[in-house]
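Labels for the chains are A, B, C and D, by order of writing; each one numbers its residues from 1.
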Amino acid sequence: MKRLDNTRVKKTDARKHTLVHVKNAVFGEGHFTVIAGPCAVENLEQALAAAKAVEKAGAKVFRASLFKPRTSPYTFQGIGPEGIEILKLIKQETRLLIETEILSPSHLRLLAEHVDLLRIGSRNMDNFDLLKEVGKAGKPVILKRNMSATLEEFLLAAEYLLLEGNEQAILCERGIRTFETYTRNTLDILAVPAVKELSHLPIIVDPSHSTGMSKFVASASKAALAAGADGLIIEVHPHPEKALSDGHQSLNLHEFQTLMDELRELARVLKKKM
Amino acid sequence: MKRLDNTRVKKTDARKHTLVHVKNAVFGEGHFTVIAGPCAVENLEQALAAAKAVEKAGAKVFRASLFKPRTSPYTFQGIGPEGIEILKLIKQETRLLIETEILSPSHLRLLAEHVDLLRIGSRNMDNFDLLKEVGKAGKPVILKRNMSATLEEFLLAAEYLLLEGNEQAILCERGIRTFETYTRNTLDILAVPAVKELSHLPIIVDPSHSTGMSKFVASASKAALAAGADGLIIEVHPHPEKALSDGHQSLNLHEFQTLMDELRELARVLKKKM
Amino acid sequence: MKRLDNTRVKKTDARKHTLVHVKNAVFGEGHFTVIAGPCAVENLEQALAAAKAVEKAGAKVFRASLFKPRTSPYTFQGIGPEGIEILKLIKQETRLLIETEILSPSHLRLLAEHVDLLRIGSRNMDNFDLLKEVGKAGKPVILKRNMSATLEEFLLAAEYLLLEGNEQAILCERGIRTFETYTRNTLDILAVPAVKELSHLPIIVDPSHSTGMSKFVASASKAALAAGADGLIIEVHPHPEKALSDGHQSLNLHEFQTLMDELRELARVLKKKM
Amino acid sequence: MKRLDNTRVKKTDARKHTLVHVKNAVFGEGHFTVIAGPCAVENLEQALAAAKAVEKAGAKVFRASLFKPRTSPYTFQGIGPEGIEILKLIKQETRLLIETEILSPSHLRLLAEHVDLLRIGSRNMDNFDLLKEVGKAGKPVILKRNMSATLEEFLLAAEYLLLEGNEQAILCERGIRTFETYTRNTLDILAVPAVKELSHLPIIVDPSHSTGMSKFVASASKAALAAGADGLIIEVHPHPEKALSDGHQSLNLHEFQTLMDELRELARVLKKKM
């Protein structure tokens, strides 16, 4: 990939693997770190129940979106800034780190103050203005692959972050758009070894958006671990059937606990710290 | 398409065809309106040469991007705000309307003051923040289809504009991403009749980005007209071989003149005003 | 496209355009020839009604499949060899040429005796055994693009025919498989100018399979003509609502007549004999 | 998937998992069986070296194609019928079962006599004539997914086999065609749990064709096992750099041994017999 020559994301002999440290969580070679939580924070009760359960099961980071980009303007758009108070309470009640999606540079100050890890969603992978602003903020960030981005475009989007000085970037494969529509997207599992060959940055997998169905999340998660991924970001909800968004692809608390137990066994054989 | 029920973009018996009037240019059923100009404004000489030639050939609107979203941070990012002075001069020297891409809400005030028609590019079709702000601005706007957006997603993105009160929206098919890579994208020519069946909004075609090669632009343009499109947005450059971006897909001034002559003949048979 | 070097399908200065003559029908540069008829021959009445109508409207070749490749073994598989008698009657009653699909080398002798033009369907584009046998038969042949074939693969499949000595090959674009499923396939309209640039062989378009909906067939047909195609193969049925296969994408007799009238006007402007 | 209703491939309460027994090899729930060998049999020395090494490493079936379908007629088309003598010798020298691709019904008698397991390649998934003939032969068969087939089409192709009475069918995911071309295909890893949900038939994965690069074969293989696949079919060559076909995606003997060791460890944790 010629366009990667002389970029900062490119793997080199001098820089084979970057470890991204987010307080006590580590993303990168030799580690397998799980982020889990609901698609969207809906209210304190839901968020806290999810948080306590995912912490107990072994997740280190809580996924907690306050702002949701939605295809239709008529669907739930997220709880918004008032969710910050909920996040504060979760930090008091658990030892989880907080991860959330950032949709706009105008939210940057607020979110950077209260969360540990920012997420740039698939739809914003090409939002270069946002990339630059987040790059300047110097906060650890997850960059999700756009559903039609080639691997080269994905890595060049990360370059916008690194160029602004933010090297704490974690890539996330979340499924690409293909002719097969039985699953919501097609999980491009080979993106995992490919990114590890091309770049020094860690890569995690989102088994929830790539499958779109909770019944396939366990298979996708185990495949990601076996393929060499550095972690997962999984949607978990105390009551998926009542979720305001993405309920069909969310694990319930029990399913998540079972999956984590299976992953730990696999991680041991694969010599990954989890 | 269920998700289009009760939306404002949907075609209804009461609202079959919206005509978008941008001063003396009309987009919609029965008209065929051509927007042309360079991928990016580079300097006064280049822009003015292009403008005079496209006006002479029959274009009504000048395409003139000042800000460019680029896959790699190391490629030309556009001339930026200083290009406004060039646009002013073009308005003095020609009777062309001015169309330009908007990348960020922060540019809205500046651009809305000096241009006639805003463009939301493919990469920003899902940038809902930008859609809402442009919707509020009440300026005529072209919304380009994301290269991986279904038609339903494309129309729902336009709904964000209409919902904010902006009904002067023009849709633009610019090619989708498929396994075929000989052409830069795959021009989804059937999007033209499909959008006309589903929505009352006008739809134009970008033959430059869909083909990625100037030698195919004439075929794509004629096909678009024959398929029922309401217009085109074409990249034209006085010296494509020296262009700072997209030179390989830009027509030179002579090619553009020839194409316009052919299109006029076709438009007459197809009973479209051009 | 490197793999086309030294092939017989490649366009060269010495061989720019092949004209394929099938009796009084000509396929190639400067001509626009229409093949029309039902997806499948169902019975004499249906076939004859379709044949007389398409002849009257100006089609030169009758599309008449006896054997149908079907995704599910439980759907109509074609009338089979007994349909030959129907084809004979059509030849008596009209001056149409007969075109039909060949699924297996075992049908070659029978079909070659009674039809004027063979068709290798999309699913068989990679059936190299069939290609070789049809190549040897020396009968004019239409080769349809596989729905996931690149242009290079498409042309290399034609090379199997030419290599066996059959140079009377006509290529057919019939839509490719992409993420967009509102239309049955995505008509790759740019395949028309691309094939004309790369190869000397004629290329026609199938507007019925590419759209999958009769309401879009006219747009697709006009776009094909405007893009430079050398002809069309269209599904027409006297009673589409009763068709045993592909009724939803078949034009009725009146719609076909109207389309042909429109195409003739366009062809005149485009300087194509029709 | 409605079209699967009342089919024989569909999973039912009465028929959850079919175990396909090919002599001492078992394909299906609870087992993980590896087929390995060169893309094509080139000569006795190459084939025998590969066979002995894959047997030693733990493969139970030898992959040994004599006939090769090739995109271009100018590339190596396989050793042909004379390769049968080589297969006989391998059966004498090892205890491996033999698997080979069948391209044409005309080869059926010869191949059925000398091999244990037939393979219908991706390009022939829609070759319904071949499916029917192989269905009648009653020999265990691997059916590979066409690179543009939906899961429903894939299962309906298998229905052609089952309908002719052959229930010893093994499905094989080998990558689908998408816009991402860094890897040869996109391994649709979710096809594994999806097929297991929809059908009672076993499913294996081809990590060689899906990746197209030997360096990614180990990741793809481990992911397949973790996702629930019942086995693998892997290309292995004693000297990949000298292979007449697919050398770039073939493992050498040492790499294969290492991979098998890793897979055995994983299989133990996943409670699969290997």
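Simple rule for what comes next: a contact is a pair of C-beta atoms (placed from the backbone, for glycine too) under 8 Å apart; a residue touches a chain by one contact, two chains touch by 3 or more.
In this text the structure is predicted, and so the values were computed from the model without any measurement.
J.: Can you tell me which chain lies farthest from subunit C, using the average of the Cα atoms as each chain's centre?
T.: A
J.: Give the chain pair, either A-D or A-C, that is connected by more C-beta contacts.
T.: Here the pair linked by more C-beta pairs in contact is A-D.
J.: Where the CA atoms of subunit A average out and where those of subunit C average out, how many Å apart are those spots?
T.: Between these chains, centre-to-centre, one finds 48 Å.
J.: What is the distance in Å between the mean C-alpha positions of subunit A and subunit D?
T.: 34
J.: Mark out which residues of subunit D touch at least two other chains, giving numbers and ranges.
T.: In subunit D, residues 148, 177-179, 181 touch at least two other chains, as defined above.
J.: Touching subunit B in the complex: which residues of subunit D?
T.: Checking each residue of subunit D against subunit B gives 177-179, 181.
J.: Mind pulling up the subunit C residues that touch subunit B in the complex?
T.: These residues of subunit C touch subunit B: 1, 148, 150-152, 176, 178-183, 186-194, 197, 210-211, 215-216, 219-220, 222-228, 265-266, 268-270.
J.: Mind pulling up the subunit B residues that touch subunit A in the complex?
T.: Residues 3, 7, 69-74, 103-104, 106, 123-124, 126-129, 146-148, 153, 156-157, 159-160, 163, 177.
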